[in-house]
Each structure stands twice: as structure tokens, then as C-alpha cells.
Amino acid sequence: MGSESVRPAGGSGGSAPDLSVRLFGRTFKTPVWPASGCFGYGREFAGVMDLSQIGAICVKGTAIEPWDGNPGIRVVETPGGMLNAIGLQNPGVDHFLTVDWPWLQERGATVIVNIVGRTVDEYAAVARRLEGTGVAGLELNISCPNVKEGGMAFGTTPRSAAEVTAAVRRATTLPLIVKLSPNVTDIVEIARAVESAGADGLSVINTLMGMSIDIRRRRPHLGNVFGGLSGPAIKPIALRMVWQVAGAVKVPVIGIGGIMTGEDAVEFLMAGASAVQVGTACFVDPRAPLTIAEELAQFMAEHGYRRVGDLVGAARLRGAL
Amino acid sequence: MTMRTLRQTQVQAGWVRERARVLTHDGDGEIFKLTLAAPAVARRATAGQFVQIHPLPVGLPGQPGPAPTGQPRPAAVMSNGQRSQASPRPAALDPLLRRPLSLCEIRPEAGEISLIYRVVGRGTRALSAVPPGAMVDLLGPLGRSFPDPRAGQGRLLLIGGGLGIPPMAAAARWAVQGGRPVVAILGARTARYLAGAREVAATGVPVITVTDDGSAGERGLVTDALDRLIGMSEPASGDRAGAAAPDRGPGTEDRIGEVWACGPEPMLAAVKERCAEAGIPCFVSVERFMACGFGACLGCTVPKAGGGYLKTCQDGPVFPAEEVVLGGF
Amino acid sequence: MTMRTLRQTQVQAGWVRERARVLTHDGDGEIFKLTLAAPAVARRATAGQFVQIHPLPVGLPGQPGPAPTGQPRPAAVMSNGQRSQASPRPAALDPLLRRPLSLCEIRPEAGEISLIYRVVGRGTRALSAVPPGAMVDLLGPLGRSFPDPRAGQGRLLLIGGGLGIPPMAAAARWAVQGGRPVVAILGARTARYLAGAREVAATGVPVITVTDDGSAGERGLVTDALDRLIGMSEPASGDRAGAAAPDRGPGTEDRIGEVWACGPEPMLAAVKERCAEAGIPCFVSVERFMACGFGACLGCTVPKAGGGYLKTCQDGPVFPAEEVVLGGF
Amino acid sequence: MGSESVRPAGGSGGSAPDLSVRLFGRTFKTPVWPASGCFGYGREFAGVMDLSQIGAICVKGTAIEPWDGNPGIRVVETPGGMLNAIGLQNPGVDHFLTVDWPWLQERGATVIVNIVGRTVDEYAAVARRLEGTGVAGLELNISCPNVKEGGMAFGTTPRSAAEVTAAVRRATTLPLIVKLSPNVTDIVEIARAVESAGADGLSVINTLMGMSIDIRRRRPHLGNVFGGLSGPAIKPIALRMVWQVAGAVKVPVIGIGGIMTGEDAVEFLMAGASAVQVGTACFVDPRAPLTIAEELAQFMAEHGYRRVGDLVGAARLRGAL
């Protein structure tokens, strides 16, 4: 009762809504992208979808050398979410460039490379290897343990986050998106620091640190004890952080965290995100980035939004804060 | 026949997504057998492969409500064509992820598959509530099958422990159809947990049944029976368990030339060790928690002999025993 | 009769928790009517009160599985008395919280209640999938009822808008049983959304039907009909809507002496304003998201006239209109 | 398959397990307590349970003066959780002492008073008012906005958390439990600071800050925009923080966050909590603190744990970290 729809001034035009978004000087076919670590290098999905139809594929976190990842159990379901402790297993940037990137290019895929490193130099080295290759951008995963600072993640202090951002900025001319960690007291402070250090965009958020216990075996489920929490459970936290960050920086924000449906994507766009990424959803529905984009288009058509930009920040116009 | 050659005969098909109708669903509250009309999966599947199943209609826009409970069922699009204000597709929350289950029976001719599973947690419990006539959501067939039974030599020994028994039904059928001589050892804690043994026996292969408490078949462990068969299969041995292999012929037919095992990881480790000692090629089907089931998440790794990891869902679940380090699960 | 005195006749009973069997459950995909065997709630309930309903068997240890789907159903305790390894009580996740629904019909004599609801989100969608024979979990009766119809003076006017219509069935029955002269205005967007109007009419009270589009009854808003009735009820007025009150007698009986309204908050605000102008005591039933429904969470507050907050679930949902600030929801 | 139960050395004795726990020099009947803000002052629950059977009732956050709380919508469900923006509405400590406390005492209830304040002095003032009244302890809610530090919560820096702890420590001889905020980069640092400042125990965790958007009305659901996320969704994060804190301090830790069943409670105890609190669960099942205690006893009986202490930290004995 009493929950009438508020329609935007634009009214509902007859034509199909336009899902394309222009970001970092480039047009992306849709604003719904698979999130890093949840879509491999695209290969496993090619049998059930046309990779060229995806706005951008954010590939698995890629390092300068191959990483083995963590021993023991790596994933476990939690209420409305899941924990992962993959440990950033990846075949290294050279493997990406010789094997995966040519394969992706053949299929007409737009690719953003998520990059990881244990030191600032490692990050910069991966960025340099990707310069001039034609990938659409870099996404800096600053949730990796900062070896020099004793294991605290790069993303947990403004200083270290800015430092690694600046180093990669110097190493690349590609669009540089920094992916923020939610495991911080004040994400706005970090967002501002990396924006000043040269980020072209911010991905918000990576996973929240969590754990679960196998009470029959009396031990943590995960081999690594702790893991990253993703999925619908974290959506309210992610949305809050997108709202905070989008209100504090000028660069575009990409919303991530628990998006499973087109309506979830609308929430993030209305909070101020310019595009979204879907992670865990890809495991349940391999076509999730396309399914969700279709649902987004349907919502836009039904509610008279013609361009994605009409949704961006729409919930911020009224209301407090 | 080298292991390497056998490995190359393991089938890996292109998987599909299929909404499958529940034909029958029977259980005692703990162990259930689910028969599904899933022609696309049935056509592509080979013994040893699995499906990723979700009891709710996930990820399909415009699908009616969340619960597969028959009537009355809600609809996003109303009978009069109007649209409800409710989200057209509620995301599945509980369970969130799919669950891997091995193919127990594969009947491409009928377009049917069957699965046998035990209720251990939220996912299997939710699955157990799906009534006949409802739809479940499948990805499959996933993973690598057992090797082609026609490629190996000697008698094929199937070993199933507990919920490792069901996939042996598909394995037995494949071997029988390929004309491979075969025998099965099926073991469980008690008679109650021998689910799938009937399906294995229905293929006509000789079965040795073993339970921890002797409530069905012999009392003991599958490895006791294995030791006996390996011993028996050596020409010198006199201690033959006649009942176990009623149809065995003379000569090399009789020798255990290959072992396929599925069951708890300690059992697999013990089988692997004995086969290594006896020099018998051994394939094991392992289990891991899975997020995707199709190679994308790197969540299901098993340590590779010599270092690094293999993906259970894509490189397995059936591995040459020497390729993996067992005991980590 | 002062408002204060009327306020004191609003019933608030001790609530209970009851597992209730679904007797009938019918709907068109969007609007559903649910009849429940709930003797304890039915015995205690008064018109205007509500229940907090959960479609899953929440919080009851040792209850069988999560889904109220009939067969096949999982059990924590197996048929042979053994215990499954699965948690004996899976916590409800989806929906997590109960949902408040007003009592539409209360039949203490039969031990039955009925609820009419619209599917708007996950909770109502999950509820809509519960089949007859299954159990739902109730807390109730909750909140304060309408005031005793015998305590007021003049004709009682019931105003129901949209899903505010169903509680007017219980209200009408109470008024009729109390011998209070009563008339009802029931309005909705279209004929389709007049759910509950049949139940109101079944009590025998005269009903004026109004829809936005004229697809049933008069075209217009409930406030149009209200204005007319208030005008009509003044002795000086000549413009009488004869069809609206077929059984009205002469004199003060005819005058609208009290209004009870339930519906969208803008409608309630409009009704409140008109009643204030006309000096007619007015009770409104308001809605809020609720976490608990019984006063513990402070989640359902409505601003109190003069400052501070009232709890919808405990001080309401039925309030003297002048006690609350409307328009905030 | 292969998931056998690990039984503790003790074996399964014949007698019923003992649920009582000794903490802060006092014996509590059970280690499953209703969490603050989710049980009011007990009144609403008295009709369906015997309040004297509950280990301890943590009453609503109570201030020196009555607080009105927030305007607008205050609660909304999220996937596997809920958001609340009550704004600490409470009738003030004098009302508690004159109305609620006598009523609770008559019913034989054991009570821990959750205290809130906008300044250090306000916290200390509430503590002083409760001195000598017979309540079982104080629980310091340091998630309140710190007026002097411009609204950042007291609980988000070690310095401000220690400061308010120390001030209340000086104001009271009652057991002092400090309830930590999870919205921080390093909860261990805060835990150590408040332990040093005199806390007798730590409650871990309060709600995580989140939000949700009503996409049809194009505005945040909550009047306050942001709210606190509770319920099963946060369980993995809460459990991780309990594990971290219990490994870093000597005082007992009380585990809170998403506990809905006896098995959830076991997870927290095995992670190192000495007792647990249940919040959101009380809304779904008003008898949740008793239901969950019964399930805990059942688990203990089935798995041969005789005392609650046998479970505490049990998952830490093996495994890494």
C-alpha cells in the first residue's frame, strides 16, 4: 500500500533503453561487467555466451609471475554469501599475454586486467607489461598483503594505497581503476588518496574478511582460516560504501558486491555507481552479466529511463546526506 | 596400457544449462533418489561426470516465484498480463550456490538421469523438499569422466564407499556396454548407507557388499575385499572368493587390471596405496566444496603430485590416483 | 464520547505463538487469501489487530526441513531414530523476518482466521508458495484493535483503501455484532484491487465502492464518497446518496459519528483532515516496516503529534488520527 | 562423505551438559544472552518466557537522558540480514532505574545494562547512576557518534575507545564489558586498547554500517540513509573478529552477530567466545535465547562436551594462525 513508483522527468520514450556507458574515454556496451576472480579469463564461459556482448571482462587478478594460491579448502557457503580463500592463484602476466589475451581478442572481448603484486614494484611491472597491448584498462587490486608493511593489505592505509597507485600511474597510460578494500574504518579517506594519486576510477568493493567453522571437525572450514566474503550478504555494506565514495570523488565509481539481479544493479547505479560488476552471481548463473544487463534494460524501459546515466546517483537527489 | 593413454580417454563434454523436471523423488528423510527429465545433459554425459544442481529457478528472468512447491504459485506476470510490483526474478539466497552431485544413472535413450544424495546441510535439505513435477536447474555434464572402459586391460574393479557408490552405477553400465569384465566392491557404514548398490547390481555386474557393522554383506572395510581380490587375481593365489565373481572366466580376464574408486578421501588414499603396490592403474573420483563447478573460481583445487594444484571440477573429479595428493579433505 | 474514552476501549491482548495449518490459499498470482486454523489467535483477536507471519518453520528445534512443501520432506530425526548430520534446525534466511498482516476475518467459533495480502516482495512471495496443509508460524494477535464499536455514537464509517480493505471485514463484523449502525467506503485503483470487499459485504453492512478508473462502483477517490457522506449526514444537506445506505434510519442514527480508516498514508491523511474539519472522531490504521511486531525493536515508529514517537506495533496500528503525524511513509 | 565428527577427549558422559558459565566473578545460567536493542527491557518477552532462566539480559542502550531516536523508516530487511537506524531511542537511565529495573528484579532477571552517551562524561554519568544497584554489569556501546570528534564513533580509534573505557572504569566497580564496532580496519588494536584501559570483557560485534535503496521511490529506504546491518549475513565477519580478538586479549570475549541456532552459537564458542548474544533472532523467535541454549545443550550432549568451557576456543587448538 502506498508504494507508488516515482518516475523520472524524462518520461517513458518509445525506444529501447540505451545500455552503453562512456567511461575512461571509451564506450562500453553495457554497464554490467563480470568481476575479477569470478570469470577466470573468460574461457569457461565461451560455451554459453558471446563474450563480445559483455561490457568489459575483468579477468582474474594477474601477477608478474605465476602464483600457486592457498592450500586446503578454498570456498564455503555462508548465509546469503560465500567465503573464498583462493590466494590469488594465477598463471602470471606472460601467460595471460601469450595465451589468454590473443584468445580473448579473437572473440572480440573488451578486457580489464585486474593486477596484483606483493610489492609496489611487482604491481608496476605487471602494468608495464600490459602497456600498448590493447587491453581496455587496469584494475589495481590493493587487497594484497603488503610484504613491506608486514602483511597489512596495501588498501588499508591511505599512504600505502596512494603509493602503489602512483607507482602504477607512472608505469601506464591505460585507464587505471583502483579496487578498494572494504575492511577499513574510513573508505572515503582511501578513495580520496588514490584519486589524488592518479586513479581514473574506483571499484567498490572487494570482499570483506570473514571466516566460518566446521563444528563437527572443530576447525575453520578454510585452509587459510580467513577468507573473503562475497554475495548478497554484503550488498548493504557495498552499497553504503559506493554511496560514500561516489559523494567524495570526481572519478567514476564501479559498484560491486552481492549484485544478483537487474534490480540490485539499479540500486548501485542509483547510489552513484557509473557501472557495476557481478562476481558470485556468475557461479550460479554463468550468463549473469548478460542476464542482469537485460533485466536492467527491462527496468529502465518500464520506468522510463532512457540512458544509464539517468539512473546514476538518482537516489542521491532527494533524501538527506 | 599406460596411465597416460587411459587418461586421454577420459571424456570432457561441452556442458549446458538445463531446467529439468523432477520425475520421481524418493527418500527416507536422509538419503534421496532424484530422477530428472534432462535430455540435453543425458545425451552428453559419461560415467564419472557430475551436475551442479540448484533447487530454485535461479538466474532466469521472469520465472515465477522462488519456491518449487506447486500450487498456489506466484507469478511475476499476472494472469491478466499486468506486472506485479515485485522483482521479476528474486535471486536465490538459500542455498546461494549450486551443489555438485554425481550422475548415478544416465539414460540418453530416455532423456533421463538419476542422482542419489544424502541430506547433509542446507543445500541438500532444500533439494530434498522439491516435489515431483517441479523444475530444478542444472549445469552439466561437468568434469572428466572415468577413462573409456574399452581402453584398459584386465578386469575392471569398481570401488564405491558410501555416497561414492551412486556414480559406480553409471560406471558399471558403461563397462558392461563396452564388454569389459568388471566387478564391484561397495561398502558403507551400515546397510542403510548402501544407497546406489541396487542401481549398480541392476547393471548385472557382480557385487561384493561390505559394511562396517556387517548389517549387509561382509563385515569389514572395502580395502579388506580389495586386498582379497588383488591377492586372488594373482595366478599363484588359492584363496578365491568364489561368490564375488560368479561369471569370471579363466586367464587374464580374471586379473584386476584397473581400479576406479569413489568415496571418502581416506578410503581413496588406502585404495591408491594398494594399487600402487600391486602396480594396478587406479582412478579416483575426489570431492571438494565447489563454487562454480566449471573451472572459473579456482575454489575446488586438489594438490597435484609434484606441486601446484588441479581443479577438481575440470581436471577431475576423476583423476589418475598418482596425479593427486590425497588426504587433504 | 471523547476520543480519550474511545482510545481506552481499544483492545490489546496477550499474544501467543502459534503454528497454524493452512486450510485454503487462493490467489491470482498477485493477491492471495489465506485461511488458517489458528484457534489460539482467533480466540484472542479483535478487529484491527494483526499477526506476524513467517512461511517457514522458524525457531522450532527438531522441526523437519525448511520448506513446507509436503512430500518428500526431509527430517532431522530419521525414520529409524538416527540423527542426520544436518543441523537439526536450519535458520530461516529468506525471508529472515516475519511479515505483518492484518486480520481480515476472525472466527473464534471455528478457530479460524483469514488474511488477504498482496505479493510485493520476497516475504509475501515466499508466503504465496505455501500450499494448503502446510504450517505457517504466527505471533498474534498483535497491536491495538479498533475501539469498541459499542462505545461510540452515531453511524460508524469504515474506510478501506486497497490492501486496507481486508481489516474492514473484521471491523464490520464487530460493529454489526455490537449493533452499531455502520457503512463502509471501499476504494482501490481498479476492480482487481478491491480484495476484501466481498468479505466486508458478507457481514451485511452497506458498502460504497469506489475505483480510480470506475472499473467497479463509482469512479473517484474514497474521499469523494467521504465528503458526500459527511455532507449527507448533516441534517441540512439534501444531496443524499440513497443507494449507499439502504438501511439507514431517521435521526442521529444517520449521522456519521466516527470514522475508522485503513489504507495508503496519503489517503489516511486526507481522511484525517476532513474528519478534523467535521469534528468527527477518526481512527487510522497505519503501516510501517516491522522487525519484531511486538514492541521490542523500536523499528516501527510513527511520529507522535507534539513530538517523540509511538510504536505502530504496540501503540497502534490503530491510532486516534490526531495522535500521529501522517505522511511519513 | 568423509566428514566424520571429531570428539573431544572427554568422551560423552551420561549426565546432561552444564550450561552455566562463570564470568566476571559471577555465574550465569546460560552463555546465550539476548543482545542489546533486541530485547527492549525484557517486558515484551515476559508473556512467552521465564526471564529468570536467561543467562543475562542485555537491555537497550541507555543514556543519561531520554533519547528520541531517528525520524523516518528505521528497519528494512536485506539478504539474510536487516538494517536498523533506531538512533538509540531510549527512556534514559532514571526511567530504567525507577520503572524497569524493579520490574526485572521482581522476575529474578540477571541484567547487563548497555550504556550510551554523546560525550565521555555522559557515559561516565550513566555508569555512576548504576553503581550499587545490583545490575550484573555494564556493556559500553562505543558505536555512538563522538560529538567532540565530529561524529566519528568512539569505537573507531584506539585512543577514543580507550578514553571512554577508562572514564567509565573510574566511575564504576561493576564488571565492564566494552562492545566493539566492526567498522574498523584493525579490531585487534581497539580490543587491546580497551583491555589496557580496564575492560573486564569485550562484546564482539555491533552492527556493520550499510544501506539499501528503494529503487521505485528513488531514495534510501532508511530515513537516516545508513543503518546497522545485523543477522546471519554478518556471521562470517563477526566470527572472524571474535577469532582475532580472542587470540589477542586475556579478558573474556562475548560473541555476537547472526546467531540464529545452537550450532551458530557453537561456532562462536569454538572461535574463542566465552558466551554469546543473540539479537535479530529474538525478533523472529522471541524465545530465541532459550531455544538456542537448548540446542547448544543438545549439541554438547550429542558430541560429548560436558561444560561450555570445553567448547571455548576448541577450533583454535589445531589449524593455522
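To keep things simple, chains are lettered A, B, C and D as they appear, and every chain counts its residues starting from 1.
One rule holds in what follows: a residue touches a chain if its C-beta (ideal position, glycine included) is under 8 Å from a C-beta of that chain, and two chains touch if they have at least 3 such contacts.
Model, not experiment: these values are computed from the prediction.
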Most widely separated chain from chain C, with each centre as the mean of CA atoms: B
By number of C-beta contact pairs, the top two chains: A-D
Separation of mean Cα positions, chain D and chain C [Å, integer]: 35
Separation of mean Cα positions, chain C and chain A [Å, integer]: 45
In chain A, residues with contacts to at least two other chains: 3, 5, 79-81, 216, 231-232, 263
Junction residues of chain C, two or more chains touched: 85, 87, 90-91, 93-94, 120, 122, 329
Residues of chain D defined as touching chain C within the complex: 3, 5, 37-40, 43-45, 47-48, 60, 68-69, 71-77, 79-82, 84, 86, 89, 221, 231-232, 260-264, 280-288, 291, 294-295, 298, 302
In the complex with chain B, residue positions of chain C that touch it: 25-30, 32, 64-75, 78-80, 82, 84-87, 90, 93-94, 119-122, 124-126, 128-131, 192
Chain A-facing residues of chain D, complex: 3-6, 8, 78-81, 83, 156-157, 183-186, 208-220, 223-226, 229, 231-237, 239-240, 243, 258, 263, 266-267, 270-271, 299, 303, 314-315, 317-321
Sites on chain B touched by chain A in the complex: 14-17, 54, 58-61, 83, 85, 87-98, 122-123, 139, 288-301, 303, 307-309, 314, 328-329
